[in-house]
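Below you'll find a set of structures to go through.
What follows is a pair of complexes built around chain A, which joins chain B in one and chain C in the other.
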Partner chain A sequence: MNPHALKRNDLLRLALVGLAALAPLVPAIAANSFFMHVLILILLYASMAQAWNIIGGYGGQTSFGHAVFFGIGAYGAGMAVVTYGMSPWPGALIGMLSAAVVAVLISYPCFKLSGHYFAIATFAIVEIFNRVFLVWYWVGGALGLDYPLVEEGLANLMWYDSKAGYFYCALTLFVLVFGIVRFLEGHRFGYYLRAVRAGQETAESLGVNSTAVKLAAMALSAALAALCGAFFVQYNLRVDPGMVMSLDMSMKFVLVTILGGAGTLAGPLLGAAVLVPLQEYTRALWGGLGGGVDLIIFGFLIVVIVVKQPAGITGIVRDIAKRLGRKSAAEKGGASLGAA
Partner chain B sequence: MDTLLQVLLDGMLNGMLYALVAVGLCLIWGVMDVINFAHGEYVMIAMYLTYWLGFLANVDPLVSMFAGGLFIFILGALTYRLIIKYTIGKPPLSALLATFGLAMLLKNLCLNQFTPNYRILSGTWLGDRTFQLGAIIVPVPQLVTAALAIVVIGLVFFMLRSTRFGWAVQATAMDKEAAELMGINTERIYLLVFGIGGATVGIAGGIMPTYLAVHPEVGTMFSLIAFICVAMGGFGSIPGALVAALLVGVVEALGGYYIAPVFKYVAVFGLYLALVLLRPKGIFGW
Partner chain C sequence: MALLEVRDVTKKFGELVACDRVSFTVEAGAIVGLIGPNGAGKTTLFNCVSGLFPASSGRIFFDGSEITGLPSYRIARMGAVRTFQVVRPLKDMTVYDNVMVGAFMHGAGGTQARETAGLCIEMCGLAAFADRPAGDLPIGVKKRLELARALATKPRLLMLDEVMAGLTSTEVKTALELIRTIRKSGVTLLIVEHIMEAIMPIADRVVVLDGGVKLAEGPPGEIIHDERVITAYLGEKFSRRMQARKEGGTDG
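Now for the complex of A and B:
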């Protein structure tokens, strides 16, 4: 690596840290509630995508089943509040644990399947869970769970007047999930995981227990997805099977990550930062016009991004950085560097 | 006993419809290793085409299904030219994601243009005709669809096995580079395979409005069912997809009747999971 690029990387990192340090101040300046809503969703989707990224990006197992784990987390928090009149926190914790257990139980047999067979099996699992929750009386059935009005505050994870509380929670969630993934990237486990993605047989021949690694990654990914689900339900104050356990929800995990750049730390944030405002503002602008215009544009953009830059937005950023780097190198008169 | 026979018959007739929808997906998957997520949306568009031809120009579905086949042939070829072509050789699921975007686009385009209303075509030739066979009631439109499915699947199978074009397709599916070295224009093969896959599903969608309501969400379930049939049958195996589709239809009908209507898809997806865990490459896969 040439010293010039290293320096720019450091600058970039510094800028990011600076931005992150400023983030807690956002509610003070952004009084506009819709803008806050978009910011909260960006943080939530980035966290969801990052949770998926553990197994889908770093582990290379494209799961379309994360709506199940997300839904289990959402129902954990929702039932704690609605059915048992408690604080959502223990429910969220139980949801995370159950999601991890369910993930291991489902994945153990499914990891034997390859490629499209695995993807379709995870589709099937989402549909099964969706139908079962639709008729399961204990979890509220098709009607879902509607939140009662309880006292606002951190204990109940609920706020009415201002979105600031939700914003800080989403920020905490985001920092937590990104922190975990950042830690794993440098940890032995992260290397095992990437080794399994690059070549399972090779990894095994070097003594990596690929099944254990993949299962652990799936359990962690599912637990974090469930935590995001718990936040989602607290933010929406209602949950039903169609909202959380649907293929569309599963696709959101996958799309945000892949469009941002799978298997990279920044990818999920980039994907969420581009897709969420796109989704929310197109909906706000055209959502009323006969319906569907926002999703038409959204679908079109997905096609364009996948076709034009399969490495996602990370790839686009990299291209631009490369081009800028080349230009600055040329300006300095480094002709040989520019050609390289 | 009669009820059981009736449920089995309904299941098998439905299974034949699923087979007709799945055969195009199977062909595309087998030759190009691409899952087309917009497959169900092709069904939906063909259904709308038939519906509007019937509603505005009084054309019967039995005639307009050919228009549906032609239209989706063109749409399939366009999908290949504009989207799929650029995803080949890229990360394995890019085609799936791109076609998911396409599915979203098409579905919402129809939602926007035609509203989410359920539309039913009345006064068609086949209409609600039924006849009795012992104690069993046989619905004529479904029976005709099943016959159509046999004809179309037979034609596709014959084309693959016994024509020069079919041999070229098989060669391309086995080894693209080697096929190119033998002078096969694989680009053209891919284009035509996508078109033919589209045409079969266009015919399926074309006849469906005789007895099924048209709405923008109709395709989603057909996509999933077609995926299940093809994966269960085994990578690109047309007889496999046919058997799997019949199995899916029967299990769906039995589950829906004897357990509960909501559980019919649970039964189908459960069957898929059970089967694919026993045979990870499907019934006829290797």
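Now for the complex of A and C:
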């Protein structure tokens, strides 16, 4: 019925299966190296960007507030370990739920406004949360939370000697988040979400409760961002407000997705695969220059992308595929003419 | 009982009264035409009925229950679905996915929705365009997409806002055939139309608006001869033409 989409999906699925099949071998090849660290970050940033992609890409509601949800997840896990001496898992779960609740509370009034109000409001929220967490004694204030030494393993989501454990967790996170979005793409919710982005009034005329759809997307997006935050804190073994609840962090959610291609399944992975190595290797190589070199290059990339191809890397890939397709079609046409 | 009842609906935009105490009913199974010159308040009335914005006063009933002031998605889910005069394709989605959005109204099941969407695409002659992005289609195809998308929701009342405007005469003929088919399948239709030749042969009843006020209401044959309608809207020339055609028809 829809052969074009089927073909595209099959290719994607094949790529994902291939990636998943090769991935477990990676720790054996790259045990404990810097490369391993970069791979973990690619998977983490791809998951973060994909979480943002739900509301920002598919839903078309640009949120600059995802650092808040990310931070809530990070603090959920962090406080479970540091403050209460528990496993981080229940903390991560509470963090996800709290992030979803905060997301709905923030978005509900904003979604009633049209235009850029939502983006502006989410911008402000990051600053508010940052300041509150800086002075909030219960969550560790400006000093943040430093992890104690606990037994390593999956129960505590913590490893000291090898990064392999973190790698598998990041891979699981990645498969989970991408799997959810892949499922939603073909589900009614995914169709409704894209319809709301393309035309809210039109969607409503077809029976779509656009406010409910956007709120649900926002809640899911925030919960998944919080889960990423929980992983982030377990990987760094400390958290303070500046690490997680900053506009810098918010921008990463937005820019990785836009660089890769917002509203596409592959976009966040492509964006992360370009940005993270860039960020980590420039930091390692030119860190002595005073930092920020990676941001300069990244900023330049974003300008080029926005000017040349707003659909991001996905759009560039699509353009190339189209051009190749046209060329092969032209060849075929030429051949048949020659035969005639 | 009437499927749709519009009772004394008034819509004001500031000082401007776009619709002034308009009342009419649409019986189940009928095709009712809503006509009038530009600025008569046809689309405004449509927007009030479909819930795009609330009426300033008056009440609207659908299938016996009041829908005044309900949000448009709830009215749509009750079975009163509209199309837009200025076509509104969901641009970055394909034609097929556009129709799927409508088809999902009666359940999240993908299989059933695909079946419905496929049927509606076939019915509206969109099969060749199914995989094209809805943003770059010729206007005639966009109009058919509006129709297919609304049909996919399986409406009981289908409200068409000038679906035939901007179409070639061949396209209008196809559209009229399609509307007849839709009516046969048991759907009631309320049609805003500018092209008189298009609406007259298919409508059971016509409501004429002018300057926000209901001017006349009745079968197309009577409306054609209504003095007020002729002066307000049709003009002498059109009336004579219809008259001539009618006489020609009886002669033949």
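Everything below uses one rule, namely that the second predicted complex is superposed on the first by the 308 of 340 C-alpha atoms of A that agree within 3 Å, B and C clash if a C-alpha of one lies under 4 Å from a C-alpha of the other, contacts with A are read in each partner's own complex, and residues count from 1 in each chain.
The definition used in the following text is that a contact is a pair of C-beta atoms (placed from the backbone, for glycine too) under 8 Å apart; a residue touches a chain by one contact, two chains touch by 3 or more.
All values reported here derive from a predicted model rather than from experimental measurement.
More residues of chain A lie in contact with B than with the other chain of the pair chain B and chain C.
Residue contacts after overlaying the shared chain place A:221 against neither chain B nor chain C.
Of the two partner chains placed around the shared chain by superposition, neither chain B nor chain C is touched by A:53.
Looking at the shared chain after the overlay, A:279 reaches neither chain B nor chain C.
In the overlay built on the shared chain, the residue A:206 is in contact with chain C alone; chain B does not reach it. With both structures placed on the common chain, the touch criterion links A:192 to chain C but leaves chain B unconnected.
On chain A, the patch touched by chain B and the patch touched by chain C do not overlap at any residue. Of all the residues in chain A, the ones that touch chain B in their complex are 62, 109-110, 112-117, 119-121, 123-125, 127-128, 131-132, 134-135, 247, 251, 254-255, 258, 262, 289-293, 295-296, 298-303, 306-308, 310.
The touching residues of chain A, counted against chain C in their complex, run 1-5, 186-189, 191-192, 194-195, 197-199, 201-210, 263. Considering their complex, residues 29, 33, 35, 83, 86-87, 90-94, 96-98, 100-109, 111-112, 115-116, 216, 220, 224, 227-228, 231, 260, 262-263, 265-266, 269-270, 272-273, 276-277, 280-282 of chain B touch chain A. Interface of chain C with chain A (complex): residues 50, 52, 71-74, 76-77, 81-82, 84, 88, 90-94, 96-97, 100-102, 104-105, 108, 110, 113-114, 118, 130-131, 149-150, 153.
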